[in-house]
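What follows is a short report on a single structure.
Going by the order they are written in, the chains are A, B, C and D; count residues from 1 in each one.
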Amino acid sequence: MLNAEPGAGGALPEPDAAAELRRQVAAFLAAHDPAATDPAEFLRARFDAGLAWVHYPPGLGGQSLPRTLQKVVDAAFAAAGAPAHRADRNAIGLGMAAPTILAYGTDEQKRRWLRPLWTGEEIWCQLFSEPGAGSDLASLSTRAVRDGDRWIVSGQKVWTSSAHVADRGILLARTDPEQPKHQGLTYFSVNMKAPGVEVRPLRQATGEAEFNEVFLTDVEVPDADRIGEVGQGWQVATATLMNERVALGAFTFPREGGMIGVAARRWRESPQLRTPGLHERLLRLWAQAEVSRLAGERLRQQLAAGQPGPEGSGAKIVFARLNQEISDFEVELLGAEGLRYGDWAMRRPEGADFYGRDAGYRYLRSRANSIEGGTTEILKNIVAERVLGLPPEIRLDKDKPWKDLPR
Amino acid sequence: MLNAEPGAGGALPEPDAAAELRRQVAAFLAAHDPAATDPAEFLRARFDAGLAWVHYPPGLGGQSLPRTLQKVVDAAFAAAGAPAHRADRNAIGLGMAAPTILAYGTDEQKRRWLRPLWTGEEIWCQLFSEPGAGSDLASLSTRAVRDGDRWIVSGQKVWTSSAHVADRGILLARTDPEQPKHQGLTYFSVNMKAPGVEVRPLRQATGEAEFNEVFLTDVEVPDADRIGEVGQGWQVATATLMNERVALGAFTFPREGGMIGVAARRWRESPQLRTPGLHERLLRLWAQAEVSRLAGERLRQQLAAGQPGPEGSGAKIVFARLNQEISDFEVELLGAEGLRYGDWAMRRPEGADFYGRDAGYRYLRSRANSIEGGTTEILKNIVAERVLGLPPEIRLDKDKPWKDLPR
Amino acid sequence: MEGPAEVSEGAAARERDARLPDMTYREEEVQLRAAVRSVLDDRADWRSVLARTEAAQTYDTGLWQVLAGQVGCAGLLVPQELGGAGASFREAAVVAEEAGRALAPVPYLGSAVLATAALLPAAGQAPQARELLAELGAGTATAALAVPFATAPGAPPEPTVRIVPGPAGDPAGTYRLSGSVTGVADALPADVLLVPGDGVPAGLFAVRAAQAGVTMTPVTSLDMTRQLADLTLEAAPASRIAAGPAAGAAVTAALRAGAGMLAAEQLGLAERALEITLAYVKQRHQFARPVGSFQAIKHRLADLWVAITQARAASRYAAACLAGQDPDTPVAVALAKATCSEVALLAGQEMVQLHGGIGFTWEHPAHLYLKRAKATSIALGTPERHRAALADLVGLPAP
Amino acid sequence: MEGPAEVSEGAAARERDARLPDMTYREEEVQLRAAVRSVLDDRADWRSVLARTEAAQTYDTGLWQVLAGQVGCAGLLVPQELGGAGASFREAAVVAEEAGRALAPVPYLGSAVLATAALLPAAGQAPQARELLAELGAGTATAALAVPFATAPGAPPEPTVRIVPGPAGDPAGTYRLSGSVTGVADALPADVLLVPGDGVPAGLFAVRAAQAGVTMTPVTSLDMTRQLADLTLEAAPASRIAAGPAAGAAVTAALRAGAGMLAAEQLGLAERALEITLAYVKQRHQFARPVGSFQAIKHRLADLWVAITQARAASRYAAACLAGQDPDTPVAVALAKATCSEVALLAGQEMVQLHGGIGFTWEHPAHLYLKRAKATSIALGTPERHRAALADLVGLPAP
């Protein structure tokens, strides 16, 4: 999938290409006055002009240019006060669905889905995890049964962000229970407004619901909305998840930028709460947090120098552990105040709000950091097997038909 | 094996039995003046009088009395200044070999071996572990091949305490490589002075050698020295090891009696070495050590009240961890002095000397606490499977012939 | 090879060990446990506990009536001459363990332990204390000790409530109190508040909750199963239970007993969290195997079980010392609260993690155990504060 | 779902990040590593390292000749105008990593790092410093900084050596020193000792080892691969390298650089310990499976590997800061020494444990790694002392 990414090379050297792009944006703006054009109309036109994501192919919003040039275009549009495509509202669509559609979709699917996805007119969500299939995603049970040129889908999905606002979802479903589990899966795009799709908020320990459960009851999916071949679903989904992992590494922290900054500030502001034992813990956590920041920066430097290493595999393990230990420390530091909680009311936030809420929230929310996006246990298996070359777990489930596996 | 232990009940109520034993000892002492009798002769006579180990059967040094009465006899002999049988020099003989012989030996073997074992005239050692068979003892390779009424034994044993002073050893050897590993083993008693037995000290990280390697090269063992049936070796050895485990639980600690006492004294004596971080660590370790002592005492109280629980399974795990953490702390507390070591000279001590040597020795020697007598990893498996009822590891080695197993 | 004990410093040490109090569960304690568990199994399954957290009344007064009145949990520590059971902290700890297992939303710790223990020293002198103890023991009233729940036994804070002048018509023996106390446990269902108040002399006062001048504000609490309250007094009528140093000593004794019983509660919590987690990992399959068959999971659960065996010894020792008024009680309570706090927190955190996603949802008990574990690790003194207390108690001075 | 970074405090923060020095290994550093490793693979396999610990000379002067003279390790930090390589602490750290991997019994840390770093500040003023640097860089002499190896950078102890009056015939510029220094690293093979001495003014003095009045007593050391020595001076002739505050500053700078390079050594040690352990658990079978196929073992090794990735970042950051005389150097060195000490110790302890019995025997390298790890965790400041230094450096004040 990473190799299928377009725009690895461009026709022009970068400075010239940048100048050319700026010329194109200027010409586009001359033809479409941002102040006078309907925002959706403007974005659709921008897409059609190949100025949406420049590393995508011509006709699909781009010009097959290097990805690094995207910032040139974005800056030029932003400077002109052009309407934004609200990438934050469609993270799964842009980060996971779009590259998958590009790599595995038919020409017709690309034409149909990519433009409204990019403009934000269609929000996408991801229907992968199930109550019975978490770490072992390939064991999922949601069934898709063929019926002529359509599929009838039934099952339950879980941990679905944005499902309550989404127009479409990428769906992994079992099309052949007689096959071993990785081979009986097929990948679809499903209309979230279709009959039989029911979205319920999934309330979590913090009191709120960032995620949803999605119940699928005899949902009709046209075969035209299948992405990839029948039985190829695992391969397509793996590519999707690889895009997720690539996306995670792209952020940067300043010193004391993360959770440790909150704890350090609280320490500085609260001399009356300090004790020798807490001081030891804080210094240890501060050192670990700063070193993990340095490790992240070092990884970025290596990538920039063309020396990718396996070090990234450990970053999420460390991140989760530190978030948990630091927030644990913070609640203890607060003492009496730590026994109070902001609000248990059920809400629908867009995501975790580590810095807008209180210490108790941070403590609870960070518990999920070692579960979501790959449990720490699974990540350690990956490090042990893929990085250290230790023998894999004995697997009894790879070759038997899925229907015969214990569940 | 525990059920095979003799002396579970006695004919007389305990106070009467104690008085009767005291009368017997008095009569014995009247007949054998401790000051005037050769010590070995005295001990042999004491054995023959049934006053050696009173819970053993008549004719084998005892009177089938409850084990708790032993202290009556020992106290009476000690008060008279009678020669001791030096139990400390023959811990494996008394603790492991003797109960095994009693349970599985022939009458002739019991008559031949138990008296000199008890008197200390014959020291025993244990030839079980091998370089290739540690945690997985049943995979051992030492071969015993039958040749008429004798066996020819070849192989290498390791971690053998007292082998360099021992007269006899209990030996586990493979007699049938075609059988699955637990079924092809047989248990022997071997003469440590026989041709082909070579004992070499096994030097350890501390510089000294508490243990030996024993090389067996075509050693002849009479079939009369086989203990138990051919192929029954695993069962017999399991009984031996269970006696080892029972022996471990019999000690008691006062507060600050163990390694923590050394560290606490050092702390009290050395104000100049104290730092806040070390203080936190010491308080934590002190609390853990004291709680582990309470847990041991609680276990003893439960046993005394006839409520045996599984809690003992965790005691050695905690003991090893604390010994290691406390000695680690102590070396760090010492700082500059911790960089020095007493003596790397190769010596042959009887066992670990945790309190006679320096902090560096304690640090190094305690590393073995989580390996010897069952690794912490194996003990955790035992807790998980036998106490918590979690599924056993997938085993691929139980039913195949030993000779076909990967090694 | 080495076993867990080369050291045995002779007869003197063995004698001292022989003095260790009985840390087992005695027959009558086993029976009490069964009685309490049976009630809680019936009336405090986790779904009803969860529902209660969002009800108007977050305490289950009906359940408390059964436990207090029928099972006799409220009067365990009340002397027999006052109608109580005249039992000891050993039995009280057994009830605390069960309350912890179920996260029962009842004011057992606040009323039957903290308030009762604060009243006991005054029972000889103050008739009000005797009357109140009789009411508490019979379950006809509940009380709460009005100190912040985070207070550690060794460091009772300065009173935040003062004696103020009352109107001319006050009957003799009536005081008036003003001030506020934040984060009080088990105050919401309390009929009577025991309030440390400043004045000449300072004292411990009993204040009826249902009267003018007393305001109780529910606190949104991290532990939803034991909701705290902020208390405000405005010239609220009060009677004095103890005065001067006796008042401070009563509060300290109550906090120490409370910390010991809270440790027992944490032990019960940890045990139950492990049980639920074990059941889950045995039944939950991933990769066509029970999750509990993976060795890394097995070892973590073994670690937790071992930690619980240690916590149980510490908790039983504290209960036995409190019961016998052993001079080692301050050490025992510090050990128990420090140990059980950390073990309960480990259990709660492992419960969430080993359940995976489901353990992070509202509709699963894991978060209730986690929140109780985290809150109780702070309540009545953090592990660190209890270990710091050991420094003086056992002579390991700070730098 | 959440990734490792919701926070990004805008452009200012990103700019500060952009200022982070290069923490990768550059091409010339990779080449230097290969050259050093090749020599050490040839001449410092673990059996010869073990044998050396019981030889009369516990330092391998032949090996040091090769590393210093042929590979140029001794002169990395010596300026080019004095015949050195004029390289930086980045390259010096690479050599330290390799020395740590092999536990090489050479005075690299003592002579090429500690003594060299102590001389560098004086190179502008003192001709003796220049001459000595040239000798050290060329490998024709080695030196040691005569402070106890346990000394942390922030807390140089009071000098234990004093200037004493010399005989009448002493040449001008000659001082006489008396006193003793215990536990000095890399002193045994040293030709010259750099001794902090008390007097008016106090100073840093160079003392030739092979002369009357200098006694060096080998210490039986926990780390057998770097044997310490106790030094006694009795009116030993000395020349002054630096005086007054400059002397103290030179010692502090040397200790800080030494701590940073020792962290690199610990990183190398940890990596090699992990490699050897991995090779063992892949090949060692118990229960007819490689020991490394058991998940609990796999997860522990994964934990160790993750810890090493963290240690590498800390170590490279310290080396880069030292190389660039970055104002963040004190923070960087404290982080590196605290982190790498703990990771090396973890690696050494896991190496012993995961080898089982064989890892506890003399005839296996595990104990050598363990002893080096434990000793270096104390040397030049324990992790706790380095973290305590952070309290001031980053503004996290003690209670």
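Some notes on this structure:
Definition applied: a residue touches a chain if its C-beta (ideal position, glycine included) is under 8 Å from a C-beta of that chain, and two chains touch if they have at least 3 such contacts.
Bear in mind that the values here come from a model prediction, so they are computed numbers and not experimental data.
For the pairs B-C and A-C, the count of C-beta pairs in contact is higher at B-C.
With chains reduced to the mean position of their C-alpha atoms, the one farthest from chain B is A.
Inter-chain centre distance (chain A to chain C, centres taken as mean C-alpha positions): 44 Å.
Averaged Cα coordinates give chain C a centre that lies 52 Å from the centre of chain D.
Chain B has its Cα centroid 57 Å from the Cα centroid of chain A. In chain B, the residues that reach two or more other chains under the touch definition are 159, 275-280, 368, 372, 377, 380, 393-394, 396. Counting partner chains per residue, chain C has residues 289, 294-299, 384, 387-388, 398 touching two or more of them. Note for the complex: chain D touches chain C at residues 294-296, 298-299.
Against chain A, in their complex, chain B makes its touches with residues 276-277, 279-280, 394, 396. By the touch rule above, chain D contacts chain A in their complex via residues 1-9, 12-14, 16-17, 20, 22-24, 278, 281-282, 289-290, 292-293, 295, 297-299, 301-303, 305-306, 309-314, 316-317, 331, 334-335, 338-339, 384, 387-388, 390-391, 394-399.
Against chain C, the residues of chain B that register as touching in their complex are 159, 161, 247-249, 251-255, 257-258, 261, 264, 267-268, 271, 274-276, 278-280, 282-284, 286-288, 290-292, 294-298, 301-302, 305, 307, 311, 314-319, 351-352, 354-355, 368-369, 372-373, 377, 380-381, 383-385, 387-394.
Partner chain D is touched in their complex by these residues of chain B: 129, 131, 133-136, 139, 158-159, 202-205, 207, 275-278, 324, 328, 331-332, 335-336, 338-344, 360, 363-364, 367-368, 370-372, 375-377, 380, 393, 395-397, 400, 405-407.
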